[in-house]
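Here is the structure we will look at, set down as structure tokens.
Each chain gets a letter, A, B, C and D, in the order it is written, and its residues are counted from 1.
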Amino acid sequence: MIDKRVQSLAEAVAGVRDGATILCAGFGAVGGPDELLDALLEQGAKELVAVSNNAGSGDRGLAALIANGRVRKVICSYPRTDRPHAFEAAFKAGKLELELVPQGTLSERMRCAAAGLGGFYSPVGVGTRLADGKETREIGGRLYVLEKPLKGDVAFCKALRADRWGNLVYRKSARNFNPVMAMAADLTVVQVKEFVALGELDPETIHTPGIFVDRIVKVGGKP
Amino acid sequence: MKPLSRRQIAWRAAQDIADGAYVNLGIGLPTLVADFIPGDREIVFHSENGILGLGKAPAPEEIDPDLINAGKGAASLLPGGSFFHHNDAFLMIRGGHVDLSLMGAFEVSERGDLANWTTDDPGFPPGVGGAMDLAAGAREVRVLLEHTTKEGQPRLRHRCHYPLTAPGCVKRIYTNFAVIDVTPEGLLVREVVEGMSLSALQEATEPPLTLANDWRLLAAPAV
Amino acid sequence: MIDKRVQSLAEAVAGVRDGATILCAGFGAVGGPDELLDALLEQGAKELVAVSNNAGSGDRGLAALIANGRVRKVICSYPRTDRPHAFEAAFKAGKLELELVPQGTLSERMRCAAAGLGGFYSPVGVGTRLADGKETREIGGRLYVLEKPLKGDVAFCKALRADRWGNLVYRKSARNFNPVMAMAADLTVVQVKEFVALGELDPETIHTPGIFVDRIVKVGGKP
Amino acid sequence: MKPLSRRQIAWRAAQDIADGAYVNLGIGLPTLVADFIPGDREIVFHSENGILGLGKAPAPEEIDPDLINAGKGAASLLPGGSFFHHNDAFLMIRGGHVDLSLMGAFEVSERGDLANWTTDDPGFPPGVGGAMDLAAGAREVRVLLEHTTKEGQPRLRHRCHYPLTAPGCVKRIYTNFAVIDVTPEGLLVREVVEGMSLSALQEATEPPLTLANDWRLLAAPAV
């Protein structure tokens, strides 16, 4: 019997180790697993490497982890979005390493890991500072840089609905990084608004098949 | 001399977008372009966070927190629009499926090099977002910018002094003074505002300009 | 106004040139664009390179193109499926070149082209005859072969429903290679069972966004 | 001596599949495994043509032409199942998301090299399908085969004589005589059928065999 539902946020984030690479979904304030990341703060893991499009906003979620010194390094495309004071303070204090990656490359590097590939040649970043130190190669008359897979130890995601197999459906632009991050980690933990019975999700329109998902926890919504 | 307002620059860029084009609008000045699409054309706007078919900004009572654009503002979706994940959004960009990327710029070189992601302000950790993906990947890149800095220094340069977003990617430049194409022979002036001589335009521009045989006056309605 | 609907199969396949690389979707007898390929036979293009999971079955579609000497080369994972007599006869007569590619590599090479990438490192085929002549590289202690993008001049696909923007929905396992092939060609032509009004397809569950599609034609179904 | 029937080999392999596993069954002998999963276990079967949650073969009146399995036979979908495209199907395989691949084999070497895609019959152009993807990609590969050829020659070899599907991928071997693990020290016999001595088993096997300390009789019910 497959049942990926867990009963509490604490159970959902159990076992995340110090030094783990965590993939944090979301784009700006939309589609991010704030409650899971708040629970991770409680859980206590530190020296984390956080992969996320933005480096936290306001005072909760990734921003709270950064403000509390739990994050060693951020890999992101755009650190400073709405209310980035936690990131700015940690960065200026020299307490936070930043690896800046073009947004599509960030996504593609995670997919590369998810797909079991060893790397890919991308035209993005060629001739710029972000290609410094990367292998460059001419293919078919165009220059490419070699990009390496980026895999998470844990992915934290957010979806609208899930069934006990872990099949997921998202809502509108809250989908964003969730599907690719859900595929790209050894352990994928998802907070959802609603559990539905097995078979209730249309098999034609499941956005993330349960094979990629390990734990789901219900947050908010109806009790 | 009648330099264009920012809204007029956006209006002028909008006139060149072909019916049926798939277009990504950068944050800032390019965002205004959506307001000026001629009524007989159907344009599909793409957003890097997984949307095709962006509509106008929603009325306050229609704002959906799960539906935002790349600038993190409230968005709407047209009939025929679709949602997808970040990886597909950037596949569309990098793979040349997006016909046109309209971007802002700090500087453009005579070879079409684009600098629009960082001014290397030491106090600001930079963000790159999707800028490099769009610059390297879209089928065509056009930029909208003020012809000179606030201090009157040219933004069209022999070579960019700010870090590059992508080399040789810009094909057309819309400014408050002129419409200029980047050609293998250098910068070619297609349109210039009334009352501005080529020598005055040249004075505001670092690389040498050539006037197109079929040059026209750059005029825009009061918008 | 965007309207990708064409009125006839002849119009759908118009302009395919001799020597073109054509991507033919489907897996076995399911999800393949037989009517489009029959129309291509009528159209007359020859010296084709056909990319397909199987090398034709029975006496129509890809099999008919092969039987009529229109195909110079097949790139596929499994040439001989149900009733492969057309393939077998042409192959044994030395009239058909065969490039055998592992199925997932075939799919990934097309995605690579669709995503604008220059190549990728795959663990599949390492240490086998199908890696002969390919660059091999050790990454993180594992061996990979370099695989190159595979792009079509034309993709022929089949879907259940489409709207005039070319948004597509498939049915069950007839989805198979259709989405990846639809993304990977300069011209994508799709036969569908049903046209629906713009806005009728749920934006959350569109399988192939119209940005990838150029022509759609209705085949069979209700008149 | 009581060698297992083909159905009994499949039964034996089925007993080792953990509850909740994601499993891909190869064509032929492995397909039979689905019939023998113990009733208290929920297994999700994966099909390379874009299906998770394959159910039993449908009754004739329930056959849907759009729903087939990798062997191109009529298939059904369980509640919780999902459809996706070929690229995601192989991402699941290559990325190690499929826990277990059960495959047939012509030969297996003492190092776990697998040969199961071509016998180099000069009259038959070979097909590879998804075999190399599964062999190189699945988290674990186990094979089911007759211990010897029809002529009595061993199929477990020092090295494979047929072209390899993947080197060193096989972890466990189910035959009509024995269950054998591939270990760094060589082939380790876990189970052997009643009445067969280790020397008789060795005679039917090319590489040296070691009997596990905790070896057991290989027995299966009449199925």
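Just so it is clear, a contact is a pair of C-beta atoms (placed from the backbone, for glycine too) under 8 Å apart; a residue touches a chain by one contact, two chains touch by 3 or more.
Bear in mind that the values here come from a model prediction, so they are computed numbers and not experimental data.
Asker: Listed by label, which chains are in contact with chain B and with chain C?
Answerer: Expected: A.
Asker: Can you work out the whole-Å distance between the CA centroids of chain B and chain D?
Answerer: That pair's centroid distance is 56 Å.
Asker: What is the distance, in whole Å, between the centres of chain A and chain C, each centre taken as the mean of its C-alpha atoms?
Answerer: 33
Asker: In whole angstrom, how far does the Cα centroid of chain A sit from the Cα centroid of chain B?
Answerer: Centres of chain A and chain B (C-alpha means) sit 30 Å apart.
Asker: Of all the residues in chain D, which ones touch at least 2 other chains?
Answerer: Counting only residues that touch two or more other chains, chain D contributes 77, 83-84, 90-91, 94, 137.
Asker: Could you pull out the residues of chain C that touch at least 2 other chains?
Answerer: 108, 111, 115-117, 122-123, 170-172, 204, 207
Asker: Let me know each pair of chains that touch one another.
Answerer: A-B, A-C, A-D, B-C, C-D
Asker: Hey, which residues of chain C end up touching chain D in the complex?
Answerer: Interface residues on the chain C side: 27-31, 77-82, 87-88, 91-92, 98, 100-105, 107-108, 111, 122-130, 170-180, 207.
Asker: Which part of chain D faces chain A closely enough to touch in the complex?
Answerer: Contact set of chain D toward chain A: 19-20, 22, 40, 42, 44, 46, 52-53, 77, 79-84, 88, 90-92, 94-98, 137.
Asker: Show which residues of chain D lie in contact with chain C when the two form their complex.
Answerer: Residue list for chain D touching chain C: 47-51, 64-68, 72, 75, 77, 83-87, 89-91, 93-94, 123-133, 136-137, 163-167.
Asker: Along chain A, where are the residues that touch chain D in the complex?
Answerer: Residues 1-2, 111, 113-117, 163-165, 167, 183, 198-199, 201, 203-204, 206, 209-212 of chain A touch chain D in their complex.
Asker: Considering the complex alone, what residue numbers of chain C touch chain A?
Answerer: My answer: residues 108, 112, 115-123, 137, 139-140, 142, 144, 148, 169-172, 202, 204-205, 207.
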